[in-house]
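Below are two complexes that have subunit A in common, paired first with subunit B and then with subunit C.
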Partner chain A sequence: MTGFALWQRQILTIVSLEWKKTLFAKRGLWVYALAFLPALLFGINAIRVQNQRDAQMEIQRAAPNAAAVTAAIQTGMSVDDVTRKLVDDKVPFTKFKRRKKFEFVRYSDGTNTWELMFVEGKLTEKRNRDEARLSDSIRAFAGAFQYFFLRLAVFFGCVGIFMNLFRGEMLDQSLHHYLLAPVKREVLMVGKYLAGLVATIAIFCTSAALQFALMLGAHSSREVNEYLAGEGWAHLVSYLGVTALGCVGYGSIFLAAGIIMKNPLIPATGILFWEGMNWFLPTMLKQLSIIYYLQALCPVVAPLSGDIPEPLKLLATTAAPIAAPIAVMGVFAAAGMVLTFASIYVRKLEINYGAD
Partner chain B sequence: MATNEEIVFDNVSRFYGEVLGVNRVNLSIPPGITSLVGPNGSGKTTLMNLMTGLVRATRGSISVRGIRPDESEKLFRILGYCTQFDSFPRGYTGFQFVHASLMLQGWDAKVAEAKAWQAIEKVNLVEPAKRKVAAYSKGMRQRIRLAQAIAHQPQVLILDEPLNGLDPLVRSETIALFREQAERGAHVIVSSHVLHEVDMISDQVILLANGYVVAEGAIRGVREEISDRPHQIVIRCDKPSEMASKIFQFDHVVEARIHPDFQGILVKTTNSSQFHKLLNRLVMEGINIETIAPADDGVNSLYEYLIGDEGAQK
Partner chain C sequence: MAVYKRTYTTYAGPLTPPRTRFLVLPRYCYERLFQSRFLTGFLVACFFFPLGCAGYIYLVNNLSVFTSMGVPAPEFLKIDSSFFRFLMNFQGAMAYILTALIGPSLIAPDLANNALPTYFSRPFSRTEYVIGKVSVLFILLSIITWVPGVLLFILQVSQAGGDWLSNNWFILRAVVLGQVAWILLLSLLSVALSAWVKWKVVAGALILGVFGIGAGLAGIINSILRTDYGAMIDLSRIMYTIWSDQLNIETSTGLEPFEAWLSFIAVCVICLLMLERKIRPKEIVR
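Right after this comes the complex of A and B.
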């Protein structure tokens, strides 16, 4: 067996030897923690929202006129009038003061949670504070996905997994076993890269799917079915695709970094800084980052982080939207270029464990 | 003239930064068992790593049976290297370790399995082969590495300190295995500190010191070339005192020491061929000689003469 058929078999062998090692490595446990932290938060939120719904059902049973009370409460009413109405109709509420002038009354009518603001005793504003709306959850998911999951979890997960493929084996003093096999160094690199992809895609796509399911789990089946019948499934597929592409892009960078550099912190910090600056870069430079292409493929626009100070928000530029096929090709092209560059180094790689 | 059957180093140097690994090495190693001998840091492992492409030459070129070390795809079809690194991929059993290397050779899984068991059998590790390598003793780890190196029946077998950690019985079995490989025409290149074993197993030696090759060739041939040290010969005979008095008349005999049991004599001579002729005369004159044996053509003596006392070990 020679040529391409041999390479193919060798790559399959490397993937089969590596993926389990990568997926079940003890030192990779923190990657799981990072990957599944958002799922845990969405899970906790689902329980919270479910409890809120249960409480609302209870109110519907105990105060069947609560919805009518909400309709009857109008701006200009006094605090006493409003609280009397709520007491008469057995609607539980909380009342609190802020700076003498402001008073607030919060209650649920069994469908929505309301916050009433009184200025000098008169109702001036009636806010719907319902946190259990699906549309809000979808936006929250988009924000968590883009700001935490892609930029931090997938990013650092790829640092942990891909940098270890070569550097980890150097530290374990076991890389020579591969270098003493009749395998082209480039074939070895591709095999290891694919094994890393199998592991990271398995971990992060599972996490993304779980987060999505937990995000929907907080809502009524009617809302969820409507969403899924509309664009829900397409959103899920997009999120999974973007996650996988994130692994393709960041994976190639950190695999190369693991071959070229000894200390993972230097490339990780540098690239994190570059990717984090993406909002503020001119369009030309935006295109030199992975996150640019990934965000372009996200199905829901994430709200700009509230943590960014207002003056800096002015600096944040939005690049012209790019077509999905171009974004996908962009990530693959970037990964291809990085791996080609890494192949120059992998050919020259020497075993000098003492120095590592 | 080098052929494609030899391992050739042509003016090879390797530096680690400013530290010398090996310098200006010129060698043509024929098939058979060749031992690399030298103290720690003399460049034995560097020479082996250079042959296998694990490190690259700073200068010069290397050819292993006509293949450059950077042609890994070709080289490791004919070469097996049992390194000194005592580490294994995590979680592997002995069998998986050997099997994986054969799979990387491109063998079909079933063929690889059969070849793996054959190699494991050769190193007598069948029973523990299904256990994790992490639970192996040092000797077992050494043997499973050897199994991996020979599993594809390489034409060149490179073994870095392969007898370390082996008990005497396994040692002799392993040495027999080296001979078997050499007898089928393979290069077997062994580095060792245990000089009496090198004496036993080697067809030729390469003596290294401080990154330089100080001597190479068959052990006796190397000894013959060292003219500034008298040859030592042990003779077992019935009249050692008479023999001593007779041989002292010759200039090339510089020392004669009678053995404490009065049944033999140790002679130091600057001309061994003249001395052997002299022995024939002594026999004619009635001295009964039982055995004649050189006392300093072992690697240990070569070591002492060429490298100094610090290198020589028992």
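Right after this comes the complex of A and C.
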């Protein structure tokens, strides 16, 4: 057996050896924790919303006039007047202070949850905090997916898994076993990359699907069915595809970093910074990042993070949306280029265990 | 003389006084650290901003050029709490980068090479070991954070006079307390993380990750669970709240000062527990 058939077989052998090592490694447990943390939060939220719905039903039974109380509460009223009114109508509420001069009262009228903000004792704002709206959950999911899952969980997960493929074996002093085998270095690199890809896609796509399911779990079956019959399934497929593409893109970069750099942290920090400031880059430079293509494929555009200061928000630029096929091709092209570049280095790879 | 023929006797030379024994560790650490030209260069770069601030303070207090022209001095040119908060933010960020560079190499190599029994076979306790390792960072970070802050405060007082001091004395307390708290947090965190992972590279990644992922996680906790308490795991926001409170500046971080202090204490306690668990005078031979 020679040529391509041999390489194919060698790649398959390496993948079958490596994927289990990567997927079930004890030192990779933190990747699971990182990947499934959002799912845990969506699960907690589903239980919380369910409990809230039960509490609202209870309020509807215990205080049938609660809705009328909401109409009676007007801006300018004092804290004491409002709380007296709620007590008189047997509507349960919570009261707390923030930042010295702000006071808040939260209550549910059986249909909606309200938050009343008092500044220096006077009611200034009445906010509807209905936490059981599907549209809000979809937006929260989009925000969590784009700001945490893609930019941090998938990013750091790929750092951990792909950098470990070569650099980890160097530190474990076990890479020479591979290098002594009659396998081309490029074949070894591709095999390891594919194994890493199998592991990361399995972990992160499972997590994304679970998050989506738990996000919908907080809502009534009627709402969920309507959403799925409309654009729900398409959204799920898009999120899974974007996750897989994220693994393809970031995986190639961190595999190359693990081969080329002795301390892969330096490129990881640099790339994290570059990807993080993507909002503020001109369109031309945006195209040199993975997140630009991934963002273009996300079905719901998450608003700019509230933590970004207002002056910086003014600097944020929105690039013209690019077509999905171009975005997909962009990620694959970037991964291909990076791997080609890494294959030049892997041919010259020398082991010096002592130096690590 | 062959080693096996050597007779071991009690050490009879001079002993380091017990109170300052922990300083032996920083002494040798600094020798090793400053062999790196990059690190030395970075440390020097950390003083550029305070130097610029000193120039600014001098300029703001000598605006006679405006008054000589009969034009009132611009309102924004003033030295107040906000100026010192900006200084604390900037120097705090530099301290964080310095910690990420130095922190990983503090304990991880000792554990990787099973060197702890060698330390503890000497008259050196676990507490002294931890204090010694923490003081490596504490001393170095102090030089770039609260020490320049205090010097700039003194410069401002010398320029602006006693009235300014009587109205703004709390800034001095805020600079010292705020920056010492930040240094303590960074030192304990990096030493604890360095003790839990054998590889320097991974320890460095963890130090970076704790801040980045903590902030991200805080954001999604707030957005998914519709709360503000997620900020309690965002270390940079915790410190920003503490600094702002000390400087009497209103902020909207979503945290009350006592909640920020509570989170700060919790993180420090967790780090100490991590160290207590890991720093043991034993060697694992496989």
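Here, the second predicted complex is superposed on the first by the 293 of 356 C-alpha atoms of A that agree within 3 Å, B and C clash if a C-alpha of one lies under 4 Å from a C-alpha of the other, contacts with A are read in each partner's own complex, and residues count from 1 in each chain.
Here is the rule we use: contacts are C-beta pairs under 8 Å (C-beta built on N, C-alpha and C of every residue); 3 or more make two chains touch, one makes a residue touch a chain.
None of the values given here were measured: they were computed from a predicted structure.
On the superposed subunit A, the positions of subunit B and subunit C stay apart, so the two partners fit side by side. Look at A:R9: by the touch rule set out above, it reaches subunit B but stays clear of subunit C.
Of the two partner chains placed around the shared chain by superposition, subunit B is the only one that A:N352 touches, whereas subunit C remains out of contact.
In the superposed model, A:M277 lies in contact with neither subunit B nor subunit C.
Of the two partner chains, subunit C is the only one touched by A:R48; subunit B is not. In the superposition on chain A, A:F148 contacts subunit C only, with no contact to subunit B.
Contacts of A:L17 after superposition: subunit B is touched, whereas subunit C is not reached. With both structures placed on the common chain, the touch criterion links A:A33 to neither subunit B nor subunit C.
Of the two partner chains placed by the overlay, only subunit B lies in contact with A:Y178; subunit C stays clear of it.
After superposing the two complexes on chain A, the closest approach between C-alpha atoms of subunit B and subunit C comes to 9 Å. Residues 34, 37-38, 41-42, 44-45, 48, 98-99, 129, 131, 140, 143-144, 147-148, 151-152, 156, 159-160, 167, 171, 263-265, 268-269, 272, 305, 307 of subunit A touch subunit C in their complex. By the touch rule above, subunit B contacts subunit A in their complex via residues 16, 49, 52-56, 70, 72-77, 81, 83, 85, 87-91, 100-101, 103-106. Listed in rising order, the residues of subunit A touching subunit B in the complex are 1, 6, 9-10, 13-14, 17, 21, 25, 169, 172-174, 176-185, 347-348, 350-353, 355. The touching residues of subunit C, when paired with subunit A in their complex, are 199, 201, 204-205, 208-209, 212-213, 215-217, 219-221, 223-226, 250, 252, 256.
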